[in-house]
Amino acid sequence: MTLAFVVFAAAAVWTGYRVFRTDSMVRASFLLLASFLNVGAILVLMLAEYLGTALLFMMTVEMVVMALFMVMFMMNPAGLNPMEMVHQPRFAAAAGIGSAAALAAVALFGRFPANPVDPNAATIRALGSELLGGSMLVFESAGVTLLATMVCAVVLSSHRGRFGDGDEGSVAPPLEPGGDHRPEDDLVDDADGGHHMHHGGH
Amino acid sequence: MSDVVSLSPMLGVAVIGGTLAIGAYGVVVIDRLLYAAVAGWPLSLAWAAAQPAREVATVIRRQPVTTEAPDMILWVLAPAAYAGLAATALSVVPLGPGVVVADVRTGIVVFGAAEALAIVAIFLHGWAPNSPLPMIAGYRFVGVALSYELLSMFVLIAAALPAESLSIGAIVESQQGLWNVVRQPLGLPLFLVVTAGVTFTGPLDIVDANDIAGGGAAEDSGMAHLAWAAARAAMLVAFAAAAAAVFLGGWIGPVLPGAMWMALKTLAVVVTVLAGRHLLARVRPERFVRLAWTVLLPLAFLDLAIAGAGSL
Amino acid sequence: MTLVTVLLVAAALIGIGVWGALSQQSFVMLMMGIEMMVNGAILAGGAFWAFTGGGAPKGQVLVIVAMAVMAVEMSIGFALVVAVYRARQVDMTEGVSSLRG
Amino acid sequence: MPVFAAAGVGGWGQTQELRGVPELRLVTTPRHASVLLVTGTVPEAHLVAVQRVHDQVPHPRAVVTWRAAGTAKRMPGATYVTGDAAAVVTAVQRAWSALEADPWSTAVDQLPDVEPNEWRGIGPFGQGGEGMMGGTPYGRPMAMTGDDPDGLALDELRLTLGPFLDALPAGLVLDVVLQGEVLREATLRLDALGGTAADATLPSEPSSAMARSGLRWLAHALHVEGLDALAARAAALASRVTGATDRAALSRHADALMRRVRRTGVLRNLHDVGVVPGSGDAAHRWRERMDAIVCALRDNQMPDALEPTRLDTARDLLADALPGSTLTAAISTIVSLDVGGARFGAGTLR
């Protein structure tokens, strides 16, 4: 049992690290999926059976959508081009290690009540009745929020906005970061205000 | 719940492995027979049975050719993952009265997770060879698969309502009096659509399609091609067994022993799905997506409503 | 597999998420970092439910809400990436110095 | 016996008839084949392409050429067949058993194993494109950013669907620019089809010749739409159409076949696909051509619906039909137009 936990934990952390180290975007999204699968497995080990499998199920579809999004914006088949797009690496690493250390400290020195769940309790039945019983409001509001999210996502990404096209008056980014836009940067400024300057990868 | 003898792990692996192997071979033989029947060739069981064996003999000796810069890990992982998911999906399905490899209380959610991961495996199989046509196949499959994958969850949950449990064994138990195919008429057809989709057979074969030169499998040769075809047949067996268990009463049947009933029903589902392959033309992907969202999904909601009303 | 070990793993995941989110330039990778953080949070939630919560169903509801949060965050994130791209023709965090206008 | 058929001038029609032969199994990609069948004379421009297809067939491989006057000497070690379909089947089986006996007798690669185009070191990241995108690393096209009508800059992939793609009629090359599965640009070309090798397998009597080539087109079209079994039935019927046989039986069989095809829903699928000025949508062309086959057989007529579309007319017909459609719809449109009379051997269709 603990061996399984160690294997899943190590795999989750390793694939999580690899997500930001790999070149191909699609590989990154599936490495993230692998990390989630391992976390789901740990949840099942901790007798949260429904949570684990539901996490598996939900994250798989989410990562497939993310992969679809990747290929849509970046159709090169296997990510052959080097993708070194990192900024402020040292600061990020310091922040990452700092937050991990802080949380680890809480884990190590915090005193938590020891009240483990007993293995043969019908946790799923309890969850079911809880979802539709005590925290019905939480469950329904989560559902409605998801509906609102769907509508908002479509509105945000559609070409035609309420006040005209989404890309009206959109200007090309200045060549050097931070500088303001210089009109002469635009190679071709045709009617619809868009421009056709080839810019760097994604 | 009758006393469920949960098989020991090694025995379970043997049972699942054996069922999938025999089932996959049977799927290919049935496919050859249906092909010969529709093509008007003389029907001979001997010829249909010998065909896969001869084919495997030729494929095993063929040189596995790879493209220049493939994603080799994913290319090898995809068929293995797809076959593994077929085994996972079959492991939660009871093969006989009280005989189930993994008696999991959340059988349906495990089956749904296996199905969702199968979509990832198929996309990766198209993505890995780093060649345009397989990538297009994987890419358009994901667009279509996301639209009909919801159907299977609604339909399975509808079947779980009368059983008041997520475990497929309990669902089979709940069909003692009345099979789900009668109680929830919309359930089986929608599930067959999902079965044809995830195993890309029949009208929903947009992955290894003929119009893009074999699609996802265009760059496979030798053992890679054999592994992919075997995994695909195994997934069809797993889904057929699940359809038989959830909708056709699983091992419930008057005279014959339970496992025999299960085998007959799975065979019936496999024949219907494969017949669809030779009698229905391949769908247009973009039109099927519209059909799935605007027609099939409301039907799934209706099926859930019927099930809800039924088990009030 | 005690509470402390699981929490350490969750801390490591959240740390990787923070590092990823801050170090990557492209919006989409930044969102992956945020997803990694929520992943750690879900693991921590599950651990508290299993070891200290005594199987209280409300603990599981919290984790389910965390999953819903992740779904919302991802879809709105992608919609924002598309919208920002339309407005600024850029999808790197570098190019967007301010979101006004 | 998995066979990949590469068809040259005048050879495409006969290959479609091989779908009706139970012993052979025509596969869609050279990777799945053990025997390469080259039918008809491969024109000069496509020689490198046929050699590339030859090298893609995995070892142990064998080559059989059928009525290939010009290409025979360029395919070393190939068995050369001039007879009818039965002769081809025996030749393939003999070549196959020779491979079984001695796998080392496999045909050797004809092209040096070097990348088709120079790309290393070009561009800032050395994959031959601009920035981190584009170029053709390892000879495979890589996407480049391009605007799409929805105002986003999605990635475009330039692709050439070569002269021997299983889904396109023989000799046709389709250059496409793809965004996702939608075509931005598509140009159709027939590189070079020198000479007018008469298609000797067609019966002399004109109406049977038209009916037989119509059935060959139907066999290929059904295969592309995913109905291999019905394609085999159409191919078997095509091989039985010779001038002498009695027409009544054949037209009854043809009528039954057309009813089966209608029942598969393929016409409903092709509704509103590839609407081309002057000849309606793909479903209309299919219906027209299927009725023409039956009436050509029954009352010995020469319906003009069975006339293949000349390439130049097809090119401007498709000029606005292809861009904007998906790749599947584009291929179905080209197949429904029956472009390029290669079937007739009339190689002069420029």
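All chains are identified by letter, namely A, B, C and D, in their written order; residue positions are counted from 1 within each chain.
Here is the rule we use: a residue touches a chain if its C-beta (ideal position, glycine included) is under 8 Å from a C-beta of that chain, and two chains touch if they have at least 3 such contacts.
Because the structure is predicted, anything quoted here is derived from the model rather than measured.
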item	value
Shortest walk length in steps over touching chains, chain B through to chain C	2
Which of B-D and A-B has more C-beta contact pairs	B-D
Central chain (by mean CA position)	B
Mean-CA-position distance for chain B and chain A (Å)	30
Centre-to-centre distance between chain D and chain C (centres being mean Cα positions), rounded to whole Å	50
Between chain A and chain D, centroid-to-centroid distance (C-alpha), Å	44
CA centroid of chain B to CA centroid of chain D, Å	32
Contacts with 2+ other chains: residues of chain B	69, 130-132, 139
Multi-partner residues of chain A (at least 2 other chains)	50, 54, 65, 71, 73, 75, 77, 80, 159, 165-167, 194, 199-200
Touching two or more other chains - residues of chain C	82, 86, 89
Chain B partner contacts - residues on chain A that touch it in the complex	24, 26-27, 30, 33, 49-50, 53-54, 56-57, 60-61, 63-65, 67-68, 71, 75, 77-78, 80, 124
Contact footprint of chain A on chain B as seen in their complex	69-71, 74, 104-106, 109-110, 112-113, 116-117, 119-120, 123-124, 127-128, 130-132, 135, 139, 142-143, 145-146, 149, 166
Chain C partner contacts - residues on chain A that touch it in the complex	1-2, 5, 9, 12-13, 16-17, 19-20, 25, 28-29, 32, 35-36, 39, 42-43, 45-48, 50-51, 54-55, 58, 62, 65-66, 69-70, 73, 85-89, 91-93, 95-97, 99-101, 103-104, 106-108, 112-118, 121, 123, 126-127, 129-131, 134-135, 138-139, 142, 145-146, 149-150, 152-157, 159, 165-167, 170-173, 177-178, 194-195, 199-200, 202
Residue ranges of chain B touching chain D (in the complex, touch as defined)	34-41, 47, 55, 58, 61-65, 67-69, 130-132, 136, 139-140, 203, 205-206, 209-214, 217-222, 225, 278-287
List of chain D residues in touch with chain B within their complex	2, 20, 22, 27-29, 31-32, 34, 56, 58-60, 103, 115, 137-141, 157, 159, 165-167, 178, 180-181, 223-230, 232-233, 236, 263-266, 269, 273, 326-329, 331-332
